[in-house]
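Structures for review follow.
The same subunit A turns up in both complexes below, where it pairs with subunit B and then with subunit C.
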Partner chain A sequence: MNRTATHYRDSITELSARQRARALLDAGSMRELADPFCHLSSPWLGLQGITPQADDGVVVAKGSFDGQPTVVLAIEGGYQGGSMGEVGGAKIAGALELAAEDNRNGIPIQAIILFETGGVRLQEANLGLAAIAEIHSAIVDLRRYQPVIGISAGPVGCYGGMSIAAGLCSYLIMTREARLGLNGPAVIEQEAGIDEFDSRDKPFIWSLTGGEQRFQSGLADAYVADDIEEVRMAMRTLRARGTPPSHRSDLFENYLGRLAMIDTGAPATAEMVRHLYAIGLES
Partner chain B sequence: MENFTYSYPAGKTASKKVLVGVVASGDLEVLLEPATAGATSVHINTSVTGKGKTWGEVLNRIFITGALPAAKIDINDCGATPGVVRLRIEQAFEELNEPDAKGGRYE
Partner chain C sequence: MSTVNQHQRGNAWLSALTEHSQRLDGFFPSVRVVDAPLDGRAARYIAVVPDQDSRFPRARHGEVGLIEGWELARAVEQVVTRDSGQETKTAIVAVIDVPSQAYGRTEEAFGIHQALAGAAAAYAKARLAGHPVIGLIVGTAMSGAFLAHGYQANRLIAIRDPEVMVHAMGKESAARITLRSVDALESLAASIPPMAYDIDSYASLGLLHACITLDDPDAPTPADVAQMQQSLHAALDDILNDPRRDLSSRLGAANRRASLTVREVLRKQWHAPSP
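Our next item is the complex of A and B:
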């Protein structure tokens, strides 16, 4: 890459969810479903003194990618930490279910999910959790027909129940800025103590949960720069692989075997995790 | 939560829908939709209570002349300062002059 190209890098992390969806789809092809002017906002947040957003922080964008029908589901990390509530969760689950239905009817639509989320929206409790469960089953349904590609660009990353959704995707793309984990750093520190996990130690957090580490450990399939064109190229490469013969989540017994080998007496290191996950997961 | 609604004189009907901003700390989102020529309505939904007088004064400065296109405006506010409120509303009206992408364009 020459100097000029570096200078004019087109960042994805600096874009809003809606801008990301538009940038990833073929130029001029985006059409938003259940858009903000439908006023599908959370009925629960206002009751708790939190201002609802007109799209509940989720963008459902239909269009094409390299000519193939595509739906992009983009979570807005800037609104309530990208948390999943009843409405936003239903927008994602509903779109994935319709995409699976389209495939059964001969329309080869694929789904791209932009994970920028701390997980369930605590203010909506079980309704958010139920929506996330629906998202999980919808991904598992759709990935039989088309690869479901997840992208975590940052800066929020992907946590909680939505990290499980990312794990269920056929392929996952991450940038260096992104993080992927079930529990966030502050939660781990609170539960396990600061000796186990110091949530203020950012290099440590990224070394264990950052995009590069997740890629080196085989939990992400592409590691890209913070650049729209690089993300699109990774989407193209992964899509060309088709639906994987076995999904990562089908290999859960192998992963459990790896986890059983860990010596929990010593704090985990990035090298140890990479080494462990590199052992015989291909079967 | 507090809600306010204001009405102002306005010009001809706004040309399209516009969305600007995000409901993040110190920011707000402005949804602008075309309304019948001659009148603009502004509905505010804010998490900060007790600032009704300030909202009225900020909006009066922007809308009282009736020179702007007629619109139905919904504001979802998360503690934006008066300066940010004014910038976001002006940004929404500026977007009306931007060339349209296919199917309408708002970020």
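Our next item is the complex of A and C:
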């Protein structure tokens, strides 16, 4: 993060999911599993007149990071908004399950998840939701052995059930381009009205849910530039911390204490959240 | 569904299944917790119910919001901590009738995703620690609310009833987001099981341990309660006889074939040598 301004940045947001996985792993170490030649595409999209894709928008890549066995799960935001269908969801859950199994057998493989997703793919609704529950389960299992690092780079952001998955990770890295929230702006506007949430007001959305805000309020662990090397450096720093004694998702006492202090009569602002959450949330 | 009766089933069933036991003090009114036996074993029953007086206006009708997410985590973590080191683990029954997660500015700003992660993690950790966890779907089990409250259970039971429903998003929002009319969405849902809103279509995905038909799901009769208890006992037995602590019992339905195929392919390729 101390690199000079003249340094030429290698953007992560401009890369495809496959390119991101390759760029984050040690050079030459990547091997893709269940790749497009396995033709694991959605059995449900074709029935609805939507063209399936041979990788269903998820890349499972094994390799190493700083020499340690690593599996990268990268969601392709450019395909169906990074939505989780049956196949893509099973790729992520299945790989995390195998990683946990490896750890039980003494193989210290870690997982990196690149979240670029609107959440459940509504065309596969209940199978997307079921897969996300399995992803949650597998993260909670694996993080007992190795830190699970989530990355939200942008531009899609991380929403829906997958924002819960991000909240289960041991560590979360975000860029300025990233957004993290449970409900997408359009859905909140639909459910609660435009006075509650204006889905077209981009600066407002970023100010509440963007990477910088999430980092400043302790809901993310690293805030980095849109640059591969910076992401790798953050991965290195966080990995060096090991498995945290308590995960952020374990801190119910701390969060309940803070929430008791909110004035729910006033519209929430970024400043209010930073003020309430910034200090001392670590257990 | 009348407005008055909306999302009262959680409370009705919580009471019916724990009738001789007191609700625990010290939780927010929207999260009801009762310790009562299940087939002779200690169990904790948890329901999210409407609280018209909640300080959070977007979470007054049974939605899982910031408070509910973290309170669920607390209710579950309490028994996990209490039983650590014990061989016999308290069972946990999530009684599920949740309309949705809370949709609001305050919720997003203060990280409702993290609160729901707290709840999901607590249930998953309880299951991994050996607590038998059962999710009992008595009403709606929608989206993020279901992910936080019940979807991490070892086994799921649902009532076969038109008002019992599992889904990722309500029809109106789903139509808007997928750029379809509600009519078009409904006609697609009729032919594509994962998109359907009815519980039999959901059951065809293999995600339920049991789906039971009762006389009165709103105000359960003694016979209904007895049948539900029988189903809970069967689920508990099934969990106790299963060495696995994961969610793999949900795989195997023909309508979920791809979920299994993907895992088989990954396993086959997982240990191949690196380049």
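The definition used in the following text is that the second predicted complex is superposed on the first by the 269 of 283 C-alpha atoms of A that agree within 3 Å, B and C clash if a C-alpha of one lies under 4 Å from a C-alpha of the other, contacts with A are read in each partner's own complex, and residues count from 1 in each chain.
What we mean here is this: a contact is a pair of C-beta atoms (placed from the backbone, for glycine too) under 8 Å apart; a residue touches a chain by one contact, two chains touch by 3 or more.
Note that the structure is a prediction, hence the values are computed from the model and not measured.
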{"item": "First (subunit B), second (subunit C), both or neither touched by A:Val87", "value": "second"}
{"item": "Subunit B versus subunit C as contact partner of A:Gly28, first or second or both or neither", "value": "both"}
{"item": "First, second, both or neither for A:Ala125, with subunit B first and subunit C second", "value": "second"}
{"item": "Touching partner for A:Glu116 - first (subunit B), second (subunit C), both, neither", "value": "neither"}
{"item": "Partner chain(s) touched by A:Thr51 [first = subunit B, second = subunit C, both, neither]", "value": "first"}
{"item": "Partner with the higher number of touched subunit A residues, subunit C or subunit B", "value": "C"}
{"item": "Which of subunit B and subunit C A:Asp227 touches, first, second, both or neither", "value": "neither"}
{"item": "First (subunit B), second (subunit C), both or neither touched by A:Gly181", "value": "second"}
{"item": "Subunit C-contacting residues of subunit A that also contact subunit B", "value": "28, 30-31"}
{"item": "Complex contacts: residues of subunit B adjacent to subunit A", "value": "1, 17, 19, 22-24, 29, 31, 33, 45-47, 74, 76-78, 101-103, 106-107"}
{"item": "Interfacial residue positions of subunit C with respect to subunit A in the complex", "value": "55-58, 66-67, 70-71, 73-74, 77, 100-101, 103-118, 120-122, 124-125, 127-128, 143-144, 146-148, 151-152, 166-170, 172-174, 176-178, 188, 191-196, 202, 205, 207, 246-247, 250, 256-259, 261-263, 265-267, 269-270, 272, 274-275"}
{"item": "For the subunit A and subunit C complex, residues of the former touching the latter", "value": "28-31, 33-34, 38, 40, 42-44, 47-48, 60, 62-64, 86-87, 89-91, 94-95, 97-98, 119-120, 122-134, 136-137, 140-141, 144, 160-161, 163-168, 180-184, 186-188, 190-192, 196-197, 208-209, 214, 217, 219, 247-253, 255-256, 259, 262, 264, 267-270, 272-273, 276-277"}
{"item": "In the complex, subunit A residues that touch subunit B", "value": "16, 18-19, 28, 30-32, 36-37, 39, 41, 46, 49-54, 76, 78-80"}
